[in-house]
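My questions will all concern the structure given below.
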Amino acid sequence: MATIVCEGLTKRYGAVTALEALDLTIAHGEFMVLLGPSGCGKTTTLNLIAGLEEASAGRLLFDGRDVTWLPPHRREVAMVFQSYALYPNKTVFENIAFPLRLRRTPRAGIERAVRAAAEQLEIAHLLDRRPHQLSGGQRQRVALGRAIVRNPAAFLMDEPLSNLDAALRLSMRSLIKRLHHQLRATFVYVTHDQAEAMTLADRIAVMRGGLIQQLDTPEGIYERPANLFVAGFLGSPPINLIEGRIEDGAFRRAELRLPAPRAEPGREVVLGLRPEDVEAPAPHLIPLAGRVELVSPLGSDTYAEVSGPAGTSLTLRVPKGWRVREGEGIEVGVDPARLHLFDRASERRIA
Amino acid sequence: MRGMFARRAVLAATGAAALGAAGLGARAARAQAGGTVNFIGWSAAVDQVRAQISAFERATGIRVNYENFPWAQFRTALVTRLVGNAPIDVSWISDAWLPEFAEAGWLAPIDDIPELMKYNAEAAEYCTQSMRYRGRQYGLAYYGDHMSFMVNAELLQRAGIAAPPATWDEVVEASLRIKRQGIAEYPLLLSLAADTWLIEFVSALVFSHGGRFVDERGEAVMADPARGAVRAARFLREAIHTHRIVSPGAVETAEINGLRAFGSGAHAFAIVPTYRIRALNDPSQSQAAGRIRLALMPKGGPEGTNETCGWIRFYGMTPGAKNDRARRERAVRFIEFFGGRDTAGNYSMQKLLLTDLGLPFCTLPLNEDPEVQGFWTRWAGEGGGAVIAAQSARTRKKDVISPWFGEWVETANQAWQSVCLGRAEPEAAMRAAAAKWTELRRAFR
Amino acid sequence: MPRLGYDERAAALLVFPVVAVLLVVAAFPILYSFWVSLHDVVLTRPLRRPFVGLDNYLRVFADERFWIAVARTTVYTVVTVAATTVLAVLVALLLNEAFPGQRLLNALLLLPWATPSVVNGLMWKWIYDPSYGLLNGLLVQLGVLERYRAWLGDPDLTLLLIANAAVWKQMPLAALLLIVTMKAIPEDLYRAAKVDGAGAFRRFLHVTLPALRPGLMLVLVYETMISIRHFDLFLIMTQGGPGDASFTLSWFIYVETFRSLRFGTGAALSYILAMATFLLSYLFIRFLGRRL
Amino acid sequence: MSGAEDRRAPPPGRAAARRPVAPRLGRGLLLAAFSLLFVLYVAGPVAWLVSSSLQTEAQATAVPPNWLPPEPTLANFEAIFRAAERVVTYETRRQGDPATGGFLPTGAQNLLPSLRNSLVVGLWVAALNLLLSLTAAYAIAVIDFRGRRATLYTVLATRVIPDIALVVPLFLVIRALGLINSLAALVVTYLAVTVPFTIFILISYFEGIPRDLYRAARVDGCGHWGALRQVYLPLSLPALVAALTFAFLTSWNEFVFALVLTQNVEAQTLPIVISGFVMDFTTSFSFVNAAGVIAIVPPVLLAVLFQRYIVSGLTAGAVKG
């Protein structure tokens, strides 16, 4: 179990910089999720922590010990992969036992540890099989088993659920969460799936272009996205973004006008409104009207695409109990406190 | 040994030492140990050499390490071994290589070794001359021979030809007659494959046309239309393409294959090394046995002569052997036992080579040996020995022997082959060969 | 200069043996050969090897044998490569079909490939033999020929006959490479073509051939590279003859080097051939690679 | 039965839906014809080689040829295996020129030693080649190190140079190393000849092995050697067998280097000795063909044995092209 500290960690491939001076401290026992689109540097970060790639600059500390130049097999980290990465020529038992064998664990110890891990993951009956005889979910359990059978400094997970179908993904997600609670170990989890990030993480690092955009708890990131990218990346359906400027303490775009008391006047801004942040009109809310273009019922919720004022096109969650039809008008209320304002030039959050 | 050690060090540096340890290393040095003579020759008379070796080993207690290579590869193999410092003591050498090898320092002169020089007194003069270069002698003869004109007497008789033709024109005439009568498709057999015999065959043709490749001063005269070379080339071309008395396959007929074809009785005339007469008249080796007779080389053209081309092969000693006392002593005894008299005082090897294979010798005293005289009568027929002796007196050594012979002969072979194929005019081909000669001669200085 | 990490140290260690062997047995000889090509090295005159600059190259270019050799090599290479490729495509098409006995044919295909080239040479020489050869026997028995004739001795046929021996040996590997490529063609493409109403020939033209491109590319480059440097067959079968009918560049190199013992010009010739091979492969990959 | 009858004679209107019998028959005939041609072309020459090796010299050189041995004899093979036993003295020598007499090339007794040399060299080359190209291919395919591309290109570039161009300098190098006429010289040379190609095959194959397996092995505790041994080695068996076969066959076949680098029976390989027969004074066709048959047997056995692997091993390397 370890605290992981990245100090100015940088990775370049020739002229391309995959990771730019990353500073990140992952506390002991913390579940850290690295979230971002492909190519954002999250997997590079994971590989650097694992030692699978060598840093071009910067330092990496495990519990204060400098491991920057330590090859992976001396770092004591365990890893789980999107492709499961089970050794096709070994049985399930041997797959799980493999790290222990490499550490010359006594035979009895291996037997015990593998059995225990298998029981915990409910794959004890599969131990004699080979990977190609298993389903995707079973394979990922085996991969998890191979990770937990040792006592690693950290668990590194590289999109472990991306290859599973939706239902399995949910159950595996809770399995991983349970494991984290039981093991109380440091987890670094890479994903591009915001739902996974939100449900699993103690903290999320949202990355883009080799830089951390925001590092915060899931709630913090959702509630106060640090910039346009983070705002746009989290939330489903995505946040509505409306360009405009600040005039007289309000956001203006043609006839649309929304209060923005703290923003300095004259600024070019982008206003963010999450689809779910609308309610039935009420006195303390700002009214917003438009015409319904498309209705998407999801069962639990219904979303509507609305052509709003000033030529905007918005996706809005239809308040509970409402019935809307395409082609009809709609009017909802927006809580000004839930509006997000970003500087258009710097894309940073203003309030 | 120091050299050996240094080599090993290099080896180790290149990571090959493991191979050496695994039994893959160079083993060449081993053969030097003990009382051993390292002798290499081409793969001819192998059984006779082996027989003589076992006698030599019994008589002297010196062991012989004998290796042989096919004649076609021999010169290359020998040269690369000499360059590669292989421990050779004695080797068979062709007269054609002598200037080249002597210049390169690969052969040691033996004229300061009286044990060997004393045999000159009993040897034919042309043999001794053929082993000399720049006034020094380089060996003792293995055998000396010349190209002979042979006829299949039976075919001649069937065609109603009484006496063997005396000129090449008569050969053409007789051949056409034989061909017309359907006795033989190609009455004249020539082996003109581009192997090492080609120069001897064409030299015999050139000489009998009264020609020369090179004059006394070493200038190429082969391209001179008035000298015999061009005439000989023209004869070849006409024989193949105009008269069709020589098979167009001659250019891929090696000496050995020609011998077989002649032995099968399919041809009336042939140019063959004299020593082949024994095989040709041996019923176990030849269907035409008993019918092959010798005649003087026909004369060609206005200046024709009965001259033919002769050659000698000899035992040569390497400088490495000569400069080492013990090795020299063994090598001298070996050369004497094979090229001179054996320990019992007999020319046993010369006699063995003659009686087994028909290889003519250079040692004059053996001519008086009744066994030898009986041999010629038996295999060359009545009077055969006399023809051989007469031809032998009309034998010239190759006039193209020079330090640049090895290079020149490649070009010359191609030129002659092109003529045979009808792909080059005789004049042009000879000009090309002459040009190469002049170029190499100039470059040599 | 960043420090050497574990990866680089391991890589250096793992690559070192190969690099060492190649340095000693390939790289050094290549450079040394260049040095030799600039000197007048004649083996029979071991004490004298003056620097002559590019003289050896000029000598070679001025030598009419060189241009003959270039012509012979060109003809031989073109014939061999073309015949090998066409035959290999046919054989690949045949063996890519499923039919009884196809496995046996597949095994037979390995026969020429596994035959040592020396044996290949003597086998064909034996078949072409003017006195006893099978080719003569066959043609006479079939009534095509009246009597036995010389084959390799015919300068107009020599190169073609040698090429035939080469094709026999090389075709299997080429066919194997093509079969492998064919197996990778998605079945859907054929189904689509069938639905579009394409017959067998059109399917070959519009589906198989384009998909074979990488395989054909490989075959062409590989066959060219080995055909242009063929040597064994020439030594065994004709020794450059008759006349200069099979006097190719590689045979010229052999003659110049090991018969004439002129290592200098031999090395220059070798360099010229190497450059030609290199250039040719490059051009192939550069231009044909796109269009084929 | 009647149902079948019905189907065979459909009403004229449904003719279009009938299975096209004629084209299928045509295809069968076409395949049969091509197969026959194929078998004749590919196996014919070898069959003739084998057939004539089982004949006496007279039978083999008969006109018209004996397609099959009239009385199959193993005399030629016996001669090869007995060649070394003979001791020659004045009494036991063969009289007459062996060129036309005994029909046994003088190099005959070198055949078995050369067979042994060929085997030794082939096996060493195969083994060392595997070791060398395995490690190098792993490093180049898997490890990200500076100079990786340069290494790959250098390795491949050495094969662009024609063998014949390397012969001269190689001869001089091997001579300088004092290795002329040793099997080691051949082994080292053949390694250089075969390694670039086998590295190429293995790299292509390694690149097909999921990268995650490598990462898993590394975090599980393998060093590079461990990853190579535990993951890449067991998973690339077909490519390894293909590489091994290739290396063995190449050194078994190789001629030019052996011709120049070896000098006698101590190091000469089979092709050299056999080519010697052809160029010797003595040419016994039936004997030479028997020697040829002996030279073909081991590689053919190997090729047929590993047929499956050769094809699948080549696959990865080929298709990428």
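Some points to look at:
Per-chain numbering from 1; labels A, B, C and D assigned in written order.
Everything below uses one rule, namely that contacts are C-beta pairs under 8 Å (C-beta built on N, C-alpha and C of every residue); 3 or more make two chains touch, one makes a residue touch a chain.
Treat the numbers as computed from the prediction; the structure is a model and nothing was measured.
The pair with more inter-chain C-beta contacts, choosing from C-D and B-D, is C-D. Averaged C-alpha coordinates give centres for subunit C and subunit D that are 16 Å from one another. The centroid of the Cα atoms in subunit A and the matching centroid in subunit B are 90 Å apart.
We define each chain's centre as the mean of its Cα atoms; on that basis subunit B and subunit D are separated by 39 Å. Averaging C-alpha coordinates per chain places the centre of subunit A 56 Å away from that of subunit D. Multi-chain contact residues, meaning those touching two or more other chains, occur in subunit A at positions 71.
The residues of subunit B that reach two or more other chains are 14, 80, 83, 257, listed in rising order. Residue positions of subunit D touching 2 or more other chains: 144, 188, 223, 260, 277. Pairwise, the chains that make contact are A-C, A-D, B-C, B-D, C-D.
Across the interface of their complex, subunit B is touched by residues 17, 20-21, 24, 43-47, 65, 130-131, 147, 149-150, 152-155, 238-245, 247, 255, 258-262 of subunit C.
Subunit B meets subunit C in the complex at residues 14-15, 75-76, 79-80, 83, 100-101, 103-105, 185, 193-195, 247-253, 257, 261, 403, 406-407, 410-411, 414, 417-418, 420-421, 423-424.
Partner subunit A is touched in their complex by these residues of subunit C: 2-3, 5-7. For subunit D in complex with subunit C, the residues that touch the partner chain are 28, 31, 34-35, 38-39, 41-43, 45-46, 48-49, 52, 60-65, 131-133, 135-136, 138-140, 143-146, 148, 151, 154-155, 158, 160-170, 172-173, 188-189, 191-192, 195-196, 199, 223-225, 228, 249, 252-253, 255-256, 259-260, 270-271, 274-275, 277-278, 285, 288-289, 292, 295-296, 299-300, 302-304, 307, 310-311, 314-315, 318-321. By the touch rule above, subunit C contacts subunit D in their complex via residues 7-8, 10-12, 14-15, 17-19, 21-22, 24-30, 32-33, 36, 90-91, 94, 97, 99, 101, 105-119, 121-127, 129, 131-134, 137, 140-141, 148, 168, 172, 176-177, 179-181, 183-184, 213-215, 217-218, 225, 228-229, 231-232, 235-236, 250, 253-254, 257-258, 263, 266-267, 270-271, 273-274, 277-278, 281.
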